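Listed next: structures, encoded as structure tokens.
Both complexes below contain subunit A, partnered by subunit B and then by subunit C.
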Partner chain A sequence: MKNIIKPSFKQKFKPRKSKNPSENNDLKLTSQMYFCLLIFQLLNLATLVIQLHLLYLLFATFALALQFIVHLNIARKGALVSRLSQSIKSYVRPKILPPWLMLLLAISGSVAIAVAGQTLGLLLSMMHLLCFAYSLKMFEIPRRKDLYQLVVLGIFVATSSLIFIQSIYFSLAVIVLVFGNLMILLNLFAPTMAVLAQAKLVAKLGLYSVPLAVALFVGFPKLSPFWQVPSVESAKVGLSDSVKIGDIAQLALSDELAFRVSFQNSNPEHAQLYWRAMVLDDFDGVTWRQSRRDLSQNSQNSQSGQNAQSSYGSATFEQANSSADIELRGTGLSYQVIAEPSFQSWLFALDFATSEQGNIGQRDDFALFYRGIISQTLSYQVTSYPAAKMSATLPDATRALNLLLSTDNNPKLLAKGQQLRQQYPDDRQLINQVLTELNEENYYYTLQPPRLNNNSLDQFYFDTRAGFCEHYASSFTYLMRAAGIPARMVVGYLGGEFNLSGNYLSVYQRNAHAWSEVWLPNDGWQRIDPTAAVDPERVERGFSTSLMQEYDDLSSGLFSLQALRSMWWYKQVKMQIDAIDYQWTRWVIGYTGQKQSRVMAQLLASLKQGKNVLYFLLILAGAVLLFYGYKVVKGKAKGKAEDKIKALYLKTLKLMAQHQLVKARSMTAQQFADVIATARPELSANFCAISNGFAQLSYQNFADDISQQEHAKQLIKLQLSYRRLRWQLWLAKLGID
Partner chain B sequence: MQTVVANVLAQIESVVIGKPHQVKLALACLFAKGHILIEDLPGMGKTTLANTLALTLGLSYQRIQFTSDLMPADVIGIAIFDEATKLFQLHPGAIFNQVVLADEVNRASPKTQSALLEAMEEGRVSVDGVTHLLPEPFFVIATQNPMSHAGTYPLPESQLDRFMMRISLGFPSIDAERKILQSITSHRDVMAIKPFLGVEQLREIQQHIATICVAPAIVDYVIALCRVSRQSESQAKALSPRAGKSLLAAAKSWAFIQNRDYVIPEDIQAVFSPVCEHRLAPQHHHMFEQADEISQQILSQVDPTNPLL
Partner chain C sequence: MFSSISTGSIIASLKSVLHKYFNAWLTRRIPQASRQQINHRNIFIMPTRFGAGLLMFMLLLFLLGTNYQNNVIILISYLLVSFFIVVLHHSFFNLSGLQFKATNSLQGFVDSTLYFPLVITSKKVRFTISFSFDQARVKTEQVIDHSVDENKSSKRKPSKSKPSNSALSKTTLAQLEIGENNIRIPYRVCQRGQYPLGRVLIISEFGFGLFKAWTRLDFAQQVTAYPKPIANVWTVKQQNLAIEVAENNLESYQDSFQPGQDEFHQLQHYQLGEPLSRVAWKHVAQGQGWLTKQYQQALSGKLQLDFERLPNGTLEQRLSWLSYAIKDCSTKQIAFSLKLPDQVVEYDHSAQHTLKCLTALARY
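After this line comes the complex of A and B, so read on.
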């Protein structure tokens, strides 16, 4: 006991000289608060964890762990002491690192980031600087303003992760995290408030800010970012610009989303949905590539985003060139495509596609491409003419390219092509003959084709006879070229899944497909899908039953969610969530600068027309009237004058409290009026009027012996007093008498 | 009517010096038809207050000194065989009076205590199976020593509840004490007190008090106070609806003494501690330091202008 009493005695009688003013300013936080800060720092940084450099991650982890241990020790000691006294609960932040070490760390870290900036790029190095500052700031929060800075930094870090990931789930998680960060601030000011009440308050304040946020989102000019988002995810699943046998079969198990489409009018049939992505016309016996001339352009597009601008000129030239070759027939089909980031630059569209967007170009093989790299979700508008005739005449160079064969690889196929040519002089007959062969002879469509030696088409066509779409497309194209018909391979996606609740089509990576195009003298380029001859269900419905079975077997080997997937409700829920995600992508993420200027222009144009202004004003007036009507009805429902006067009195109390005249809870109206009369005699006249009016009405004349009219008169008088009081208080606050 | 009350107060205050608040409380309690328990150390003027109250009211009055060997029959009375009528006849005890002063009630055995307290509650007594009504009006003024004193039987909570108020007088101020010491007031002078109120006038006053207005806001305030007492985390007991009823009755009576015909929150606050403290904390040991603590805590938690938030 002696030991415990001693320090408190000492404290009591110690001279106060040790307390200098700076010490008084020190921010004291509870250990709970420190742990909150640490946990939220961890969460905020976790949103960026994929983007951050390993060295920084090590540093951040070390810093967090160090602080965690220090605070844990203090908290443990505190728990022992706090049984005896309550004062230990909150404490000034301990100095973990000496100031010179902090300075050294800050300088060396910044230098390291600057050096690494060469490889990281502008955006990421800025990001690292931000996170680094955030980590270091955690070490010193001596004053309240430092805590503010820390929290704001945290919010900034958390939200900046939205540059990289924009899915709706992640966005929601970040929003929740931001609110969590705000809770820290609230906890500082109202530490005794229950957590639930805090959450409610934060949510309420958040709701207040929504109109402003929406207005800013819609109206604030969208500056194009001065950074280039780095293509970190080069290893992403998806089509690549060269296709070997077996490439697409690997995609067939991927559930990842490729792009989504919403048609403006009617939805076309599944068998019509050949989404062209790339035309591959250069075959070296193993790999299909885009032809060398195009390749040089495409590499500029896809491999280095910075150079993308240099290809603009040639692309527009090509567009002008190719449009001469096209003969538009039939009605157009308009639709909007929202492509997921592929970190490539080709786009997806049906034959034959046109787009009026400035950032979309068209190659002379009619494929659309994006001028730049699709590193974020991209939305574009396309009109397709399925019946259009492509390239009625074929330039010699192109013709030669599309007949080119590497003769040494597949001699049997070459021989077969030449033999067919002799049998069938007509191109169409020849094609039909090949397709019939594919259909009638023992060819299988399978996800697990047997291995081919050296990717030999011969071996596939004549021996194994089991393959995926690219096997068929590849050998078919080869056969056509051998027979002297210009042919090329096209890769893209086939079909997609309609989401009924959102009325859009989702195309996944597993819908990846390859087919052929042959050039016929009168009809131009024609799409021929040899897969359709082998397995018609694949084309008409997406997957045939046998393939589905195979698909199930393969994927259930990875994880056995198969039972769950087949459940009805799971499908329904997934469809709903997907639909929400689609709308989110379409309207929130897809709200780009172009769209914004369009919306603004429309708004301005409609505002210029007087009619709309009138409508707008009418709606506004209606809304105001409704609001007042609601208030009046609500007031009537409560009705009684005494309630109104009580409300006025309570409002007055709130007003007084704002000006540091707080009524102690247990004070009665009369007692408080007396207090005011002595403390602020100048306010007394107006305040006492309200106070007495309230007291009289609620204790004395509560019975209905006074008419409602008189009540109303009194209410008006009291409201006048209230206004005068408010005015007096304001003047007093401003120091004007 | 108010002049009569003023006279009564003046007379009592001339005898019980320096305690106007307690005197008013005691009077309010009696006007509200409640029994009162005066708790204090010996020699603080408990008996003087009780005596003066009874005499001033002009009612029939008997004092019972409670001791450890006091029997219930001493309080209630006993049936004795009458030779003349050949019947058992009640020989009434001290309780058959309009004002009964139960002095040092906690010194008697629990059996005797409960005999008295039952009579207080029922307004009648039964002797050998025959019920006898007590006179109307019937007040009990009990005094008791603090619990820590030796040789006392503390009143159980259920019996404490039968008293509308518990008040304590406390030490007098310097001036009051000087007056007390200099005065020649003795027991004989107390007996010379003249009665100001008769039974009829008392009944009138009680009828008038019944007409005093209690606004819904006041009822709300009482409800809020009771609810807070039920939520409180301290060891305090909760206030029952009966406590709330007593509180309102006492407040009305207090408003009457303040010459008002409606109740305001100040009335509730004034009588809250004497009415509720002994229900909230029946047994406390440091009564002179913290006597009002729990009731004050509860009062401080309710906003009278907006009680049921």
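After this line comes the complex of A and C, so read on.
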């Protein structure tokens, strides 16, 4: 890919070099235009600023600053000249860098990017190449064609930043930026137009193009990728697949979104929301990992998890139903999960989850995974069966694995386990005993546990007795294994925050949690959360009050958000913003092929029913009416103030006639006004105002001299008089009657 | 070599046939009239190269979005596509509704640039509209037997058929105001004769350069192209020959300023700009004021420009010489008569007379 793209860039550079600069049809631009170009280049590059390398950023800034200074100088000189001759100054782009230097820059830059490509990765190095070409192109715009190329390059740079970030505000900003780039072209063709008018025009045209774009977006088939593209590489986010004690504490401070869920029907209880991400069943005394059993079964070159995972089956309902491992019971709970990019492949679901999507697989420990890396927002549909029985029978290999202990590490815990086993032959009694101990003895939940030597579980369980979910889950699982009960640790998220305005659940990284799973004969794998025994609030509501306090203390730095956080309006606004972002994520970013076919099917079905046709027609008719109404109103407001005054006068006459003050046909307006003045002097002031306005308009030919605005003002005055007159007449009538 | 020429000529003839059909169609589609309004019936619109390029770019964006399964990028590509369609309409409306009124026909010498006046009425402000004459075909025909610099220019751009590219042959209005606008469109006269003016090409790429909206209007006006004035007869080289030929006919024209040749007619008050040789110095010396001697040149040597008596040369050369002579006489206010093989223009010296003579030359 790189090899293909590079020569094409080279070709782009070369013809420019060979071009004869002394041709007479050089492109001349105004200095306003040059500054416009510079500003938009800055903005376009700014969209990628997080992704770009520091060296390139320095280069780009330097290039922009250099050009800015040169153009500023020219503009200054131009300002002096244009005082003498008042015309729009346009000039050919000045030669800022000599051609040989440009060539040198182009070659050395490309080489530097190629060298850095090893560390940058394919996608980013291509991005750098693109931006580099964009920076250099700015120096050379001898012809209109080059300006076109520059603009298109700019749009491409701005758009490609969406590969990395897709949040609603960023996306909208990029869309605005794209249209801003197009405004440069408008400026080229209408240099006499005011910038504001240009912006207005572009905005208008942009708005006009929205309906069709939306229709295309909704209706045009979503295609699957045509070929493999270099993926976005980034640091992994969220849970990691090997957990040492203390890892989750870092996550607990993160406000970053992990995923969002919208339930189809009812929202389950907070305490039910154990989002399983992965199962860690291999413990070496310090670190919990996923067992590598599956890897050893595969060929030797399968180092990456994906290769191994491809051997797992799909997560469909069919598969689950036919599998001996699973006994589906109860009703299903359907929901949609929209996972934020984690650059891993774990998916999140409640137990026991099935998904009909082909790109989702299920491990034999019931965790869902994505066949690939989640490098951008991923939305998937899941149906869970909370009452399902998992692994009623346990294969010997799995049992052995889940009983495996590295005995030399935590002898006291091991001894305790064995002792418990002797005391309680029944598994359930044993578990309850341990949980009761955790609850009643002074274990407490904290995000700042004292340091443990060598990650010793013994030290935690018997001495410090302070820790968070991971400590408890880890020791509990160890204890269970020591007592001969197959147990494993599960890592995922617990709970989440309901957004009431959007009716969805947001799960943040700080909701990361770890719990245990034990296997009991007949019942299969059972979830046991030792943390719930220590600090039930943590499970019931997410965070206990004491923990909240601790959390705030931890996160507050110099600039504390604590006061702000507690303000209800801040929460409200944040919730609204988040809800908008959620809808965007759900309907735009997460608008997959499946969703599209679903939407289209729904649309078709409702069309068949016929009721939507009516709605559609009504909406259409409404829109047409609105449009015409707008036109009519606009037309009236424009030139017809005179007519309105005339109409107002006639209306007044009608009103007067209703009150026995009839104007004879032979009377002039002035005569009638005099009649009114003598007959009903109290009305005279208001009536005269209207009458005079009318007379002025009709006979004095004043209309030509005064502007529309004055007309409108006069009209408003006359209307006021009319209302007063009506009021007076009405009062008089009441008084008489 | 031979085959290439023949294929070339076949293509050329094919082109000319196509061109003929196209013109016939155009005449049916946009009939000639001196007042025209342009609308959907007579505006053509096509994407420019940049427009086509941007379409390709949209496709590229769509591919990028699809390959990354990135809906926002796909959305932007859709937005650009619909923007493209909106701009199509916008570019069209930049031309649509313009009203044109042409009143004057054109007269002028071959190889000079004339300006065709046109009144444009618009109900709204419009931007960047260029006007030019569709002269490609005439030019290339003319190149074969005429002027040197014409040849040069055609060599410079052998493949270009659009004259609109050269800045000389078009007028561009950066902004068209509401109401009446007067413009003058340059017209390069290439061929002698009296013929229809041809179509005015009105082009606008306003908007974003994505579309070229254009129309070709025929304002039913005539061009009267007089032969190019060439002073060959009176150059030093051919002086002798010219004198010999002109002995009878042109003597008074040659030496009309020398007193004594013609009969003295009267004295008149000196007008600024009259030749000093005619000033009656005697009267000046006597203090009677500045007077000039008026001669009656007519009777003895009526100037007749006779086609038959010109030195040998091609038809066009001869006409060019005559043209020069008429122009010269007209500027010097000398009366003359013109004799062409098929007609005679009587002796006179008014401006109308000059035009009549030149028109006769143009029509010959």
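Definition applied: the second predicted complex is superposed on the first by the 466 of 737 C-alpha atoms of A that agree within 3 Å, B and C clash if a C-alpha of one lies under 4 Å from a C-alpha of the other, contacts with A are read in each partner's own complex, and residues count from 1 in each chain.
Rule of thumb we're sticking to: a contact is a pair of C-beta atoms (placed from the backbone, for glycine too) under 8 Å apart; a residue touches a chain by one contact, two chains touch by 3 or more.
Because the structure is predicted, anything quoted here is derived from the model rather than measured.
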{"item": "Touching partner for A:213 - first (subunit B), second (subunit C), both, neither", "value": "second"}
{"item": "Partner chain in contact with A:668 - subunit B first, subunit C second, else both or neither", "value": "first"}
{"item": "Partner chain(s) touched by A:178 [first = subunit B, second = subunit C, both, neither]", "value": "second"}
{"item": "Greater residue coverage of subunit A in the superposed arrangement, subunit B or subunit C", "value": "C"}
{"item": "Which superposed partner A:588 touches (first subunit B, second subunit C, both, neither)", "value": "second"}
{"item": "Which superposed partner A:193 touches (first subunit B, second subunit C, both, neither)", "value": "second"}
{"item": "Partner chain in contact with A:694 - subunit B first, subunit C second, else both or neither", "value": "first"}
{"item": "Touching partner for A:650 - first (subunit B), second (subunit C), both, neither", "value": "first"}
{"item": "Contacts of A:163 with subunit B and subunit C, given as first, second, both or neither", "value": "second"}
{"item": "Residues of subunit A contacting subunit B in one complex and subunit C in the other", "value": "none"}
{"item": "Touching residues (chain side subunit A, partner subunit C) in the complex", "value": "144-145, 148, 152, 155-156, 159-160, 162-163, 166, 171, 174-175, 178-179, 182, 185-186, 188-193, 205-206, 208-213, 216-217, 220, 223-227, 229, 376, 588-592"}
{"item": "Residue numbers on subunit A that touch subunit B, as the complex places them", "value": "646, 649-650, 653, 663-671, 694-695, 698-700, 702-703"}
{"item": "Residues of subunit B that touch subunit A when the two form their complex", "value": "213, 215-218, 262-266, 269, 299-306"}
{"item": "Residues on subunit C engaged by subunit A in the complex (per definition of touch)", "value": "50, 53-54, 57, 60-61, 63-64, 66-76, 78-83, 85-87, 90, 127-128, 174-175, 205-209"}
